[in-house]
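Each of the two complexes below includes chain A, the first together with chain B, the second together with chain C.
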Partner chain A sequence: MKIGSDIVKVYKDVHIWVGIVCGLMLFIAFYAGAITIFEKPLERWATPPSTLSPPPPLEDAEKLLAAVLAAHPQAAQRYSIVVNPVPDQPARVIWSERGARPRQQIEYGASFAADGSLQVEKLRKAQAAQMVDRMHQFVGLPLPDGIARYIMGAVALAYAVALLSGLIVLLPTLVTDVFALRIGKNIKRMWLDAHNALGIFSLPFHLVIALTSVVFAFHDPFYDSQAKALYGGQINWGEHEEAPTGSAPLPASQLLQQANAQLPGFEVYRFGFQRNRDGQLEASIVGLDVRRGARGRTYMQTHLDPFTGTIDTHDLPGHMDGWSESVNAFFALHFGSYGGNPVRWLYVLMGLAGAALFYTGNLLWVESRRRKQRGAATVEQKRSVRVLAVLTVGVALGCVAGLSTSIAAAKWLPSRVDDLMFWHEAIYYVVFFAAVGWALLRGAARSAGELLWLCALTTLLIPLSSLAGVWGIGGTWNHAGSAAIDLTALAAVPVLLLLARHSRRRMREGRADSVWSADMLPTVHATAKGALQSAD
Partner chain B sequence: MNDAARTKLDSRHWFGKTSAGVLLGYTLSLALSGVIAGLTRGGFEGGSGKIQFIMWMVAPLWAGVLGFVFLFRDSRSAWLWLALANVAAFGLLWALK
Partner chain C sequence: MNPWLLLAILTGAAAAVLFYLASPQQQWRAAGPVRGRWWPGSVCALASLMATLQLLAPMESVFAWSVLLMFVASIMPFLGAWRRRSRAQENA
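And now, the complex of A and B:
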């Protein structure tokens, strides 16, 4: 396709600047996002074992509920009956009470002890998966949610522009470049080919992620402006349905039978009950139909009449109107919450490939600005090039090491501290900023290999923490059936070590006129040492 | 696209163009999302699913305008043309309502 060379030049500038400003934040969002795909197994892995006795059968849920309500009447406001208790939902009956902080809900679970007496436990919800999700949603920024969300939205919008501009730059040479991967002497060419191949083949995925993220960040302002411009000041969301009435709700075992008959293929996780403002009982059903996309990432939810067991299906995918079905698809396409585990693994790969896209983009920028050596004199690379190289290494690898360390800490924290989220975030940021500082101190070339070692070691801590849990060392634990997390982390270790070896080799044997060479001095010392060397 | 026949684009006007794309691009996509709502089944009273869908439409429209705004010759023409497009789109929206 023929596009004027001036247009290509302008869009190349747009692409480069968006990349420089947003690339590293996008790396964090994609790497953390790839991990959040398996947030449920991760949460399960990270949840400390419950001290409750094994849950009574579903048929006895009402007996347990009656005992709970007798001892804790406030539980009647909001409780659930769990159909299939798992480590992160360890009780048959769970209820939540308002905490001290706004919107904080403290969850309690109940069971019967061997002697038939009521047991109650404050559920120790794991925060590791949520910490990874925070880094994903707020592109790793240590800022209040409200601010970070808008920055993320701006980054997503810029990223959509980067996709379009990258496409425009590539289009004129698309036919010759698309299947080419020229690995050889010309390093810039190789990175460009890799960057182009990643970009063009995953373009639809990236467009979906970029545009959905813009909506995730800005839906409130969008609705507010549309209320004014389109709907005469107020959005009419439709009538609120009347709460069902009846004397006593059906037992959960009967609700489950009804649900299985009405929704074949829908796996029920739990039934939720709550009192509305008028004190009427409202119920919901939470579960998953893996044949359909889930707007709620890991579950689907809809209303249910607790007195008859009739499910109001109009909020479930497959039963919605066309508009809602499309909106549901937008969510599902972002979360990869359709098609079960094969699609999830595909999203992990796409997420990691996305992170690689931003990483190669930065390398490309560094490589195209390299000052080549002519003759014997050593050349010094430009300050901007050194800084970007250092930040690329420090931020990207700091994110990897920080997430690994913080995830591994999930098994050691609950027996030591109360505010899990604070500690998860603190650990992440300490490792992250230490890595960035180390990169600044040691320069891109040396720190790349060293920080990759750090990434490998911290990632190895994840299965080691589970291994410690097998023997119960230091308050750790290990759930049966959680090995997939440990094995995945273990598989990442040799990959990171291989990358570390590769970086070290390039530092020693690669060209000297490059930021990746050991001769290239760290940023902060470069000027002073450069002056010393020239005096020699 | 004939290189010789038109003035060459350059990157000098990036700030004016970007701000036009962000601000006028946003209002334009708002109006266009309303036009989509007005022209499709159910109009402005299409129920909660449609309200959500129409909200989602702002993102691709806005990103599209912001992406192509760099094709304008300079900042002035970006602001001018996008302002005109806004007038047209809001006029159409008003007519549909």
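And now, the complex of A and C:
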């Protein structure tokens, strides 16, 4: 396809500068996003073991509920009956009460002790998966939600612009260069090919992720504008159906039978019950049908009549109206909440490939601006090149090491501190900023290998923390069946070490006129030297 | 493992590999690309989509299938370059 060189140049400039400004934030979003895909297993892995006795059978759920309501009548306002209790939902009956802080809900679980007496435990939610999700949603920015969310939206919009401008730049050579990866003396060509290889075929995926992120970030303003423009201030969500009436709700075991008959292929997680303003009982069914995409990241939810077991399917994918299906698709395509583990793994790999796309984009920028050595004279690279190289190494590897350390800490924190989220974030940012500082101090070339070693060590801490849990060292624990998290982390360690080895080799044997050479001064030294020369 | 899932993954991955091998830029085969032979990849891609449709709802099938093809097509240039390098080292 022929496009004028002046047009290509404009789009190339747009692509480059948008990429440079947003690339590192997008690296964090993609790396953390890849981990978030397995949010539930991570949450289970990170949840401290419950002190409750094993849950009674589902057939005895009503007996347990009656004991709970007798001792804690406030539980009648909102409670759940869990079909298959798991470490992060360890009780058959769970209810929530309002906490002291706004929107705070405190969850309690109940079981029967061996002597038949009621046991109640305040459930402690693990925060590791939420912390990773926060880094994903707010592109790693340590800012309040209200600000970080809009910055993330602007970054996502810029990311969409970068994708389209990149495509236009590539169009003239698309047919000849597709699948090309030329590894040779021309390093700029190699990084360009690597960047294109990662970007060309995954373009539809990236466009979906970019556009859905914009929708998520500006969700509230979109709805506010819609309400003002179309509904005179208040969106019409349709008629609220009358609450069902009856004498007593069906037992959970019967509700489950009814659900299995009405929704084949739908795995029921729990039944939720709550009293509306008129004191009437309303119920919902929560679960997942992996054949369809879910609006919730890990579940689908709809109403059911607790007295007959009839499910109102209009909130379930495949039963919604056209508009709701479209909105549901936005969420599902972003979350990869369909197809079960095979699709989740694909999303993890695509997320990591996306992170590599932004990393290679920065490497390409650095290589494109390298001042080449001619003759014996030493060449000093521009400060902008050195700074971007250092930030690329420090921010990207700082994010990897920070997330690994914070996740590993999940098994040590609950027995020591109360505010888990604060500590998870504090650990992440301390490691992250220490890595960036280290990169500034040591320069891109040296710090790349060293920080990759740090990434490998901190990632190794994840399975080591579980191993400590096998012996209960320092209040740690290990749930049976949660080895997938440990094995994945363990598999990442040799990959990181291999990358560290390659980085060290590049530092020793690479071109001397590159920021990746050991001969190049670290950024802070070079900056100080530059300042001294200016003063002279 | 569900046989439809296995079929969907294998034929989907094979489709992307065959498309790569048909490309003039492929480096996997020393003998060069399988020129003009886009149909084996297309047949595999179609078989993969059919198998995915047995597992998931239509929209989810198309997206899962395309993500699989996108991923394998993205990594094939790297595998091809690695293979070429290994071949060169063996020949040296």
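In the analysis below, the second predicted complex is superposed on the first by the 521 of 536 C-alpha atoms of A that agree within 3 Å, B and C clash if a C-alpha of one lies under 4 Å from a C-alpha of the other, contacts with A are read in each partner's own complex, and residues count from 1 in each chain.
Definition applied: a contact is a pair of C-beta atoms (placed from the backbone, for glycine too) under 8 Å apart; a residue touches a chain by one contact, two chains touch by 3 or more.
Since the model is a prediction, treat every value here as computed from it, not as a measurement.
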Chain B versus chain C as contact partner of A:202, first or second or both or neither: second
First, second, both or neither for A:66, with chain B first and chain C second: neither
Chain B versus chain C as contact partner of A:231, first or second or both or neither: first
Which of chain B and chain C A:318 touches, first, second, both or neither: second
Partner chain(s) touched by A:261 [first = chain B, second = chain C, both, neither]: neither
Partner chain(s) touched by A:14 [first = chain B, second = chain C, both, neither]: first
Partner chain(s) touched by A:178 [first = chain B, second = chain C, both, neither]: second
Touch count on chain A, higher of chain B and chain C: B
Contacts of A:160 with chain B and chain C, given as first, second, both or neither: first
Partner chain in contact with A:350 - chain B first, chain C second, else both or neither: second
Shared chain A contacts, counted only where both chain B and chain C touch the same residue: none
Complex contact set, residues of chain B against chain A: 1, 3, 6, 8-11, 14, 26, 30-31, 33-34, 37, 44-56, 58-60, 62-64, 66-68, 70-71, 90, 93, 97
Chain C-facing residues of chain A, complex: 176-181, 183, 193-194, 197-198, 200-202, 204-205, 290-293, 317-318, 329, 332-333, 338-339, 342-343, 346-347, 349-350, 353
Residues of chain A touching chain B in the complex: 2-7, 9-11, 13-14, 17, 157, 160-161, 164-165, 210-212, 214-215, 218-219, 222-223, 225-226, 229-231, 235-238, 320-327, 330
Chain A-facing residues of chain C, complex: 5, 9, 20, 23-27, 55-57, 59-60, 63-64, 66-71, 73-78, 80-81, 85
